[in-house]
Amino acid sequence: MGDEISARALADWLREFARRIHEHRDELTRLDSAIGDADHGTNMDRGLTAVVAAIDALGPATAGQLLKKTGMTLVSTVGGASGPLYGTFFLRLATALGDVDVVTTAQLAAAFRAGLEGVVARGKAQAGDKTMVDALSPAVDALEAAAAGGATTHDALQAARAAGERGRDATTPMQARKGRASYLGERSVGHQDPGATSVELLLSAAVDTLG
Amino acid sequence: MGDEISARALADWLREFARRIHEHRDELTRLDSAIGDADHGTNMDRGLTAVVAAIDALGPATAGQLLKKTGMTLVSTVGGASGPLYGTFFLRLATALGDVDVVTTAQLAAAFRAGLEGVVARGKAQAGDKTMVDALSPAVDALEAAAAGGATTHDALQAARAAGERGRDATTPMQARKGRASYLGERSVGHQDPGATSVELLLSAAVDTLG
Amino acid sequence: MKKLINEPQAVVSEALLGLEAAHPDLRVDHANKIIYRGDAPKSGKVGLVSGGGSGHEPLHGGFVGFGMLDAACAGEIFTSPVPDQMAAATSLVDGGAGVLHIVKNYTGDVMNFEMAAELAAAESGVQVRSVVTDDDVAVRDSTWTAGRRGVGVTVLLEKIAGAAAEEGRPLDEVERIARTVNANGRSMGVALTSCTVPSAGSPTFDLPQDMMELGVGIHGEPGRERVPLAPARDIARMLLDPVIEDLPLRAGDPVIAFVNGLGGTPLIELYVLYNEVAKILAAQRISVARSLVGPYITSLDMAGASVTLLKVDDELLGLWDAPVSTPGLRWGR
Amino acid sequence: MKKLINEPQAVVSEALLGLEAAHPDLRVDHANKIIYRGDAPKSGKVGLVSGGGSGHEPLHGGFVGFGMLDAACAGEIFTSPVPDQMAAATSLVDGGAGVLHIVKNYTGDVMNFEMAAELAAAESGVQVRSVVTDDDVAVRDSTWTAGRRGVGVTVLLEKIAGAAAEEGRPLDEVERIARTVNANGRSMGVALTSCTVPSAGSPTFDLPQDMMELGVGIHGEPGRERVPLAPARDIARMLLDPVIEDLPLRAGDPVIAFVNGLGGTPLIELYVLYNEVAKILAAQRISVARSLVGPYITSLDMAGASVTLLKVDDELLGLWDAPVSTPGLRWGR
């Protein structure tokens, strides 16, 4: 079943996210070199390597402590656009979940909604601007709907991942209106957004570790 | 016979020298790029173009006036090492010949000796240093000897040119000890000196116009 | 890649060591990659903090000193620094009169500085204001996009706002002056070659021998268009026309004219370009009150240049002329 | 060839127009290609004249101004100016106290300046002295050769002798100080890429991607040897060892340490190199009294750097610190 997510499972999620980022580092950077400045993979890999070290050092912790450390570490080590955005996402997750040791699917969905709102407040991107929001937003919608419908954690995260993947793919034909890619104007069309790509890794890591 | 050289013939000599320099400009520059800074052809061509314009503007003139104008024009327009050296050469010729309208072979030889001494005083190069002196010095020796032996102007200049040509060729195996080529040390060996090459053009122009 | 460096990942920290060794008036917090004035904080003086990705030297670290910045945060090459650096710099220079952040308009820089301001205000209660420079006319502006990039005006703004702060003007005033500078300055650049980021090891973009990138950004971002290589007189016009039109400038307007080298272009070429710029301005009777020619906001080893015009009044000119003593800009002291 | 220029043959004269437009304190005699101070001649002050081929900017024209040169003669790119220019410059700055010629040791420069001194003395009776700089240890010196080349020390000498002249010291004194600087300074350079002379249109020499030219001259003359590309810490040692040994410098000696960019190398790399230089000097307990980091004597767009060390005493340091106001070097005014 797995309808209760332990703080330990959340730590596994972060480690798995770090592993996937490292594995896809060059791909993320390649995507960013087409429409950005060729550092999204390096930035995220630097940040998540630091996150893994930080949560190792933290030892046993509540969900809130773990996610706050993650958010703060990302803010402090990534820089660029993705640092504040991913950092804000995890900080909002931490606040939403608080000092608990187990989390329900509904709580996770609500926390993801808060995280998304944090990203939008910080980056002011709207749907269709060709950013990570285009993957994250439909994923959060799907997660909430599944949780409200009583789906298992696994099914809810699967639905979120699938929606995130579709959202990621949908960035390809978009013209960027936020971030560095926006300087390219029409020339940004035809390239998949790097940030939306790393969001899909976050979601698939969740399916593997939380569901 | 032609044992008397008119000032008009001297002007023809300068024009012919200018023509040959222009014709061999790229060759001189190529030689200079191997062991110098790739400008000897450009430098000399700029200077002799100015000389032709100056003597055109001068109109009828004595030997001294003509050669002084030539020397001063070269000094004022060439720059680099060859400007002061060729300039000094012609200024010394002018002083040696003075305000005359015709010049004997012996007078020409004495003037060339004075010119060579001016070049040596200015540049302090000795025989074997791989400079224009290595062509000019044997040429002056030959010119003097031929004039002293009563040779015709033509024969005397032919002897000078032949000696200058041998002197020019002899620069190839030398190691440079003066000028920019000296920075190359042993790597200057195996290249013909550009200044010695332009001296041979000066001498062959003399054969064609004065003899 | 041919660079005078050791390991690519050590470039920024080693350059900071070199800067510190070469300029005894400056201090460097190596952990936080902050360059700051030896006499910071100055009690009662508004603190000026800037920062951004490295690779644009002398900007920003080379503009720390009397009459200009109090501190600069160095990010990795072309990567915005993080809020911790900026917050630490803010505390370091807080003399009780508030701190102004000078931020070039790039999404990453803007967001990181925003978080830093929140952090600093929460931690120490210091009053922080931000001015975002966005002078690059190569990028079409709109509220729906990331907006124009901050480039050459940043240099002029750091000097002029720095003089206002040094005079002891209050935060409101320093902020107003900074906003005035940004509102009255426009820039545009051109690249003849790409830059090479040390960790990447190869040029950021390919530019054929006979082409140039018009409107390039200082991180090698693409510009308005790729056009055939042109003589300096045509380049001057391609850069100036959109700048003059955008401000707009009119006959009689006095300006500071700034011809900036992008890192790989030697001074002799910048003077050739400045001559063309001066001729165009003279023809339009735009009067050059002051000028600046040299590499001040660079893009690593990129060959190219940018032109910035700043419309000035007597107040701005007085602040421009005020003494300044930094590694990158120095006069009057 | 990618350069911000118009016609290659117009580069020098157009750059002079740009320099004149950008620096209202300077005057330019365009016919003679002379840059001179607007307040020249200064009565009773020794006049300082330098010059040489162009392509080394800011040297020499960018060092004309208060506390440094009175006039500079610009030759064509890498070609010595002619005596007429130098003689005209000499008359222009002759304030009755004599004129010092500062000449870099290249056969052409030396001979042209010699003729200029003869000309000037013959025409106006002005007293002319010459100091020839020959600090480049890459070239083996001997009375039988053209001798060492004049490079980085020229910049330091123009500043220090300029300060002495500005103080009103007599010709003998200014000459003595200039000779002291040259005797106590040594330099060595390295090229990572060749320069490209505009009229030639292609690089002066070919350097493979993995090689560098150690001991290169500022006209692209070959150096001591061609060696594999090395990290900055090794390059610093290759440049410093021969400089320190040649002077020689000993523990405790105070120096001005000057890391110079050759035109195509950005400032961030120069600071990385300076860090290595400072470390080596510290390890040998040679004390850095002052430093200078930047592109001051360049070789068009060549990527590379040179290091100059000048052993100083209190007199030289005082003159170094004295106010200077030129386009290329400015402080205290």
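Every chain is named by a letter (A, B, C and D) in the order it is written, and numbering of its residues begins at 1.
Basically, contacts are C-beta pairs under 8 Å (C-beta built on N, C-alpha and C of every residue); 3 or more make two chains touch, one makes a residue touch a chain.
What you are looking at is a predicted structure, and each value in this text was computed from that prediction instead of being measured.
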item	value
Required minimum of steps from chain A to chain D, each step between chains that touch	2
Chain located farthest away, centre of chain D as origin (C-alpha)	A
Euclidean distance of C-alpha centroids - chain B vs chain D, Å	33
Whole-Å gap separating chain B and chain C, where each centre is the average of the chain's CA atoms	56
Computed distance of Cα centres, chain B from chain A, in Å	80
Chain A: positions in contact with at least two other chains	none
Junction residues of chain D - those touching two or more other chains	none
Overall pattern in which the protein chains touch one another (line/ring/star/complete/other)	line
Set of all touching chain pairs, with the criterion as stated earlier	A-C, B-D, C-D
Chain C contact footprint on chain A (complex, rising order)	33, 37-39, 42-43, 75-85, 87-88, 122-123, 177-180, 182-185, 187
Sites on chain D touched by chain C in the complex	2-7, 11-12, 14-19, 21-23, 54-55, 57-58, 62, 192-193, 209, 212, 229, 231-233, 235, 263-276, 278, 288, 291, 293, 295, 298, 300-301, 303-305, 325, 327, 330-333
Chain A partner contacts - residues on chain C that touch it in the complex	75-76, 78-84, 106-108, 111-112, 114-115, 139-140, 144-146, 149, 197, 199-200, 204, 217, 219-222
